[in-house]
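In what follows, subunit A forms one complex with subunit B and a second complex with subunit C.
Up next is the complex of A and B:
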């Protein structure tokens, strides 16, 4: 026991004596461990954030197409629908006894490059992200009048819109559309809270407004005299002919596959139904390759700094020649001297690990609000998961392993040591 | 209305994954040797499983069995598929309560639906198995595994999808990775 305490006190004293060099080594190691840990942490978080883009929705129904295409245009607002769905099909599916709720979605127009999503009040009630978190309004209300519009958090922030602002939507997609629905401006009725999902990057209007906007646009441009004025539009009622997609929630999710299969055989028109969770995991499988590469790179960075650590230890070995000689003279066994080496390495690694934990936590805590507002990525502070602890604990283990080389060297040398000035190397 | 028709059919069978006969229907399913589809729906202690595979993966040929040996192969495969839980907890607590095996060339449900319906003999045949499993102790584990790869060496890849109270997910199972974890 006293031997162990002696070893520990000797090791710390020795470390303190060479503190300048070792501080630099420790800094390198700390930075590289922070990088490794940070990448592993972000990997898990980004994956989590990505796979929780949509939750609580059992099926997404659209025109016949591949599951990734359907997922991309309905949830991520990337790409376009191959076809529309008839309104009668929507009613038919909504009336199915297994369906708990159905939310229609109509896409096609844009506002300053952001997608316009035509839907109804159930979208706000039913759309969930993350761990079944519902959408919330940061200000105002969800649209209730015909020409009300609700903005995603990012849209409101980028374009600096306030409640009550008048907005003119563009016909078709793209930032520089020349055909605007200028005669029917919308009023901002509400702004959603930031979610860190593509929800933030879209604006929401009612299906009826979507329909009203396009009266007189049958040929693709507004024909003067055939479009509606705001007052005449409000006096009319609109039923859409077609929508782009349907989000479905089932009474019993166990029926998901059955309904999916029936919908793909839907007699009215060719439809596809996808399970958003399954489609997300397939998309992640395709995109997730490069995160492996990142992790691989950071492992190499840590390996490099550990090699740097041995290099430094070997370099200062010659300086420690006398220290070792004195230790030997007072009766320290060679094994203890070798042990000192390993202990030093492990202590350094442990110090680096705790520093990097501290730095990592501080970085995440300070950057996460900024990341959410500027990039729409939600990364919160959480306890490390077992994988991350394993990765972190590998650092002192590997440090011990690499310390064996100089330790063994010392053990051998210290057995045949003399008090001369001769270089042991 | 096809949808209505299969609704009543389903009601009668009370089988969550069996949504009417799907083998050789008007819309052709993808058919790729070595690959199969596995759908798993979990609710409480009950699991509904559907496996759809080209017949080749399970019996080694796609035509109706001709020789006595081929009949024997089909019989033993069908027996196994009927009496073995297609997915199981690592502690093997699942047992089939109900199973149905449907082959393109010998449709045991022919009397349930259109008798005169003509099979599209394109040269490819599928086998479809639906099971309802009872798994006491399912709530203690969230891992499931399959022994299909051991029994059928012709099967190389299984596109598994599952829904459970913990969410939906999917993965690709292979002989080296025959286990998956429920949840998102």
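Up next is the complex of A and C:
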């Protein structure tokens, strides 16, 4: 025990004595460990955020297609539906006794490249993300009038919209459109709080407004004289003929697979029903290759830094020849001298890990609100999970492993040291 | 064979060597050393030109190397019968060493350098009545090291001060044997004489046997015995 204390005190004194040289090594190692830990942390956060893009929804129903396609266009607003669902089918499904709630979604139009989602008030009530977090309005209220529109947080931020702004939607998708619903402008009634999900990058109108906009657009372009004015549209009532998808919440989640199977064999029209959690996990697995590559790169960065550390220690070791000779002459065993080298390496690695934790926490705490506001990315400060602790603890373990080379070299050499080794000539 | 220069104290044998021979790797001719018998408290001056094996003999006496033939008996222990670790412990328990230069661990303070042997040897620590710091400060005071330097890095000290700190380290815990390898070669004449007087006085107080290696014959009269290496008279 006293030998260990002696080794520890010699190692700390030695590191402090060489602090100027070793500070650069420690800095390099700290940055690389921060990178490694940061990537692992972001992987966890992004995966968590991604797989929680939608929660509380048991099934997503759309026209017959693959589950990833259905997930992409309903949740991520990427791509288009292969077909629509008849309104009568929606009503039939909504009336199913196993269904607790059903939210219709109608897609197709866009606003400055952002997807327009036609839905109803239940979307605000039922849609959840993250750990069953409901949608909340940052300003104003959910659409209530026919030509009210509610904006996602990112849309409002990017296009600098305020409550009461008049905006004109475009027919079809895409950032640039030459077919605009200029006759029926919408008024911004509310802006949603940022969620860090695709919800932030869409605008929300009522299904009735979606129908009203498309009166006279049956051929894909506005037919003069057949479109409606705002006042005439408000005087009418609209019932959609078709919608794009349905979000379903069941009374008893145990019935999910049964209902999914029945909907896949729906007699009225060909439908597909997917479990969003399963589809999200599958999508993440496909994209997960990139995060593995990133993690691999950061492991190489740390390995390079550790090799740099060993290179510096080997360089310093020629300067330590006399110090080792003194220690040996006063009776220090070769094992303690070898242990001194390994301990110095491990202490440097531990210092780098501590600095990395501090830097990482400071970066996340300071940048988190900015990332959410400006990029809609939600990265919260939390305790490290076991995987991350394991990764971090591997750094001193690997440092110890790579230190064995110079330690063994010193152990072997110090056994043959003699009085002549300390002479200046 | 021994040339008497001072009155030796009587006592048991501290060092006894017989027919020592050592050959460095890739060296044709072996180094042959004269037999030595040194009693407890006696001081031996070893003289020899460069290349006569002065430092090699000290390494053999310290147990850092083993002879090709012959035996080294220290305090009635044959070093050749001890394994490497045991020889290290024996050195830590019973020997103090002083080098020609670069005697101190650069990242330790003067006080920490002096107490280092007590951290490696329980025996040496016990010899200080369990308080190495007190013993170290007493030695540093006796060796005229200003107390302002005790906790300072040793790199801030002069060569003479560093050699005196090394002497304090060799003396702490009253080891039976002190091996000094040309410790005065980097000192001027005044400092050299003062250093030897201090070292030998304190060694006498602690009843240490001293083996002092130098090529400077003028120092020989400070010692009880002197020997020449390399066939010189």
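Quick note on the criterion: the second predicted complex is superposed on the first by the 417 of 425 C-alpha atoms of A that agree within 3 Å, B and C clash if a C-alpha of one lies under 4 Å from a C-alpha of the other, contacts with A are read in each partner's own complex, and residues count from 1 in each chain.
Here is the rule we go by: a residue touches a chain if its C-beta (ideal position, glycine included) is under 8 Å from a C-beta of that chain, and two chains touch if they have at least 3 such contacts.
Everything quoted here is computed from the prediction, not taken from an experiment.
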### Query
Overlaying the two complexes on subunit A, which is it for subunit B and subunit C: clash or fit?
fit
### Query
Counting only touches as set out at the top, which of subunit B and subunit C does A:182 meet: first, second, both, neither?
neither
### Task
May I ask you to decide whether A:330 touches subunit B, subunit C, both, or neither, giving the answer as first, second, both or neither?
second
### Query
Just subunit B (first), just subunit C (second), both, or neither: which does A:221 touch?
neither
### Message
So in the superposed three-chain picture, is A:23 touching just subunit B, just subunit C, both, or none of them (first/second/both/neither)?
### Response
neither
### Query
With subunit A's C-alpha centre as vertex, what's the angle to subunit B and subunit C, nearest 10 degrees?
110
### Task
Look at A:275 in the shared chain and tell me whether it touches subunit B only, subunit C only, both, or neither; answer first, second, both or neither.
first
### Task
Check the residue A:13 against both partner chains and state whether it touches subunit B (first), subunit C (second), both, or neither.
second
### Per-pair minimum CA distance [subunit C against subunit B, superposed on A] in Å
50
### Query
Shared contact residues on subunit A for subunit B and subunit C?
none
### Summary
Given the complex, residues on subunit A that touch subunit C span 2, 6, 10, 13-14, 16-18, 322-323, 325-334, 415-420, 422-424
### Summary
Within their complex, subunit B touches subunit A through residues 1-3, 6-7, 10, 16-20, 22, 25-27, 39, 41-43, 46, 48, 50, 161, 163-165, 167-172, 184
### Message
For the complex, give me every residue of subunit A touching subunit B.
### Response
51-52, 55, 58, 92, 96-97, 252-259, 261-262, 264-267, 275-278, 281-282, 285
### Summary
Interface with subunit A, subunit C side, in the complex: residues 55-56, 58-59, 62, 64-65, 84-85, 88-93, 95, 97, 99-108, 112, 116-117, 119-121, 153, 169, 179, 181-182
